[in-house]
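Common to both upcoming complexes is chain A, partnered first by chain B, then by chain C.
Then we have the complex of A and B:
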């Protein structure tokens, strides 16, 4: 019943922020950010379960460990970058949010480089010299 | 068939993982990156049997070439050469057998003659040849012996020679020659009887002691 807890926290915080925004907009923003972090951490355990299942599948499929780790890291980077971008966007800093997103994409590309090099090397090896 | 099920299982699991990752991803801008990587992985999984085949193929072709080379060199001049080789081998084996028999015959003869007649065999030569039954046959026996200086004992065994021996001490040349002749005859007769050869094939010569 985590969904009810999460939705409850969300609704309560929304009301609070609406009330607080009139008096102290900075505190309202802080409250929203922390609530976001709490929800994120609460759901991290659930993501771990999903990842465990995926890991099991990957070991059964004889996927290279390097590949699997890289993909997981890509997913993690995507999550973190998304969260940061949303928070900054909430604070009204759309440009910074887009920069965070750009950084996330770049780092994902860097993470993908080993996999791509391995695959390209294999393909080049197969081609007749 | 096991590899096919393995292969299919791998592909199916990879596709499932890819869809899961798609679902997990928080926003769609990151979708493309993960999709690219997962797509490459799935392509690798699909092509893995072909990779293995190519690797094995190259190995097998190398092997086949090596085998062909190895066989070609030997098989090119096969039958006539092999026959020739067998002929030469047979011939050399025959000659070796002949030589061996000759040698052993010579040795046996030398031993027997030396012990029986108390002479020193200087040279013994046995010539053999292959008869029609492919068995060695004695063609000629040559033996040169020499009287020993101290061979009283040996001569005492031989009754007919004993009186002759006494004559030697008196050193008369014709009697010596006669004695040598009788000894030659005896040795020749002995050889003829023991080896069963024609008398014309046996030549025995007795030399004077030096």
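Then we have the complex of A and C:
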């Protein structure tokens, strides 16, 4: 029952932040960041198990390793960028959050280029010359 | 929850105590001293969070970006 623990810590931290925000807003912000990181790390183990299973299935199905690895990296980049953007937006810096999201999108596009190249080459081979 | 939830209460406690000390020092008329106390508390909490963020990024790297 991980969900009860996560919800419990969320509610407790919400109260603490409410108390702390009156006195020192900086500490309230740091506390919220800290809680976000704790929840994420607690969930990372679960995600790792799912990914191990997916990797096993992909190896059994003889999927090209490049595709699988690229997709995993894209998911990782998306998580990190989302986390950073949320933290920055919590601190009231919406413009920096937008830049972080833009960087995440750009890096994902760069990582997807090999796959797109493969697809386009396949289509060009299929098409009659 | 494998992680030390105690740190949450530590941070909240540090914040409340620093706010208290800040108020007391301000009442005593030592403004710059109060600001130094706030800065010190902020540095301590920031150090804790930086350690945890390093841990988080390492975990994400191990989970998602393995074999790189």
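Please note the rule applied: the second predicted complex is superposed on the first by the 127 of 129 C-alpha atoms of A that agree within 3 Å, B and C clash if a C-alpha of one lies under 4 Å from a C-alpha of the other, contacts with A are read in each partner's own complex, and residues count from 1 in each chain.
Operating definition for what follows: a contact is a pair of C-beta atoms (placed from the backbone, for glycine too) under 8 Å apart; a residue touches a chain by one contact, two chains touch by 3 or more.
None of these values were measured; they are calculated from a predicted model.
Trainee: Please indicate which partner A:105 is in contact with in the superposed arrangement: first for chain B, second for chain C, both, or neither.
Mentor: A:105: touches chain B, not chain C.
Trainee: Between chain B (first) and chain C (second), which does A:75 come into contact with in this model arrangement: first, second, both, or neither?
Mentor: both
Trainee: Quick check on the superposed pair: does A:115 touch chain B, chain C, both, or neither? Answer first, second, both or neither.
Mentor: Only chain B is touched by A:115; chain C is not.
Trainee: Name the contact category of A:90: first (chain B only), second (chain C only), both, or neither.
Mentor: neither
Trainee: According to the stated criteria, A:47 is in contact with first (chain B), second (chain C), both, or neither; which is it?
Mentor: In the superposed model, A:47 contacts both chain B and chain C.
Trainee: Looking at A:126, would you say it contacts chain B, chain C, both, or neither? Reply first, second, both or neither.
Mentor: Once the two structures are laid over each other on A, A:126 reaches chain B alone.
Trainee: I'd like to check the shared interface: which positions of chain A are touched by both chain B and chain C across the two complexes?
Mentor: 47, 75, 79, 83
Trainee: Quick check on the complex: what are the chain B residues that touch chain A?
Mentor: Going through chain B, the ones touching chain A are 9-10, 13-14, 16-17, 20-21, 24-27, 29-30, 33-34, 36-38, 40-41, 43-45, 50-51, 54.
Trainee: Report the residues of chain C in contact with chain A in the complex, numbered from low to high.
Mentor: Within the complex, chain C touches chain A at residues 1-3, 5, 7-9, 11-12, 14-16, 18-19, 22, 38, 41-42, 45-46, 48-49, 52-53, 55-57, 59-68.
Trainee: In the complex formed with chain B, which residues of chain A make contact?
Mentor: 47, 50, 53-54, 57-58, 60-63, 67, 70-71, 74-75, 78-79, 81-83, 101, 104-105, 108-109, 112, 115-116, 119, 122, 126
Trainee: Write out the stretch or stretches of chain A touching chain C in their complex.
Mentor: 2, 5-6, 9, 12-13, 16, 19-20, 23-24, 26-28, 30-31, 33-35, 37-38, 40-42, 44-45, 47-48, 51, 69, 72-73, 75-77, 79-80, 83
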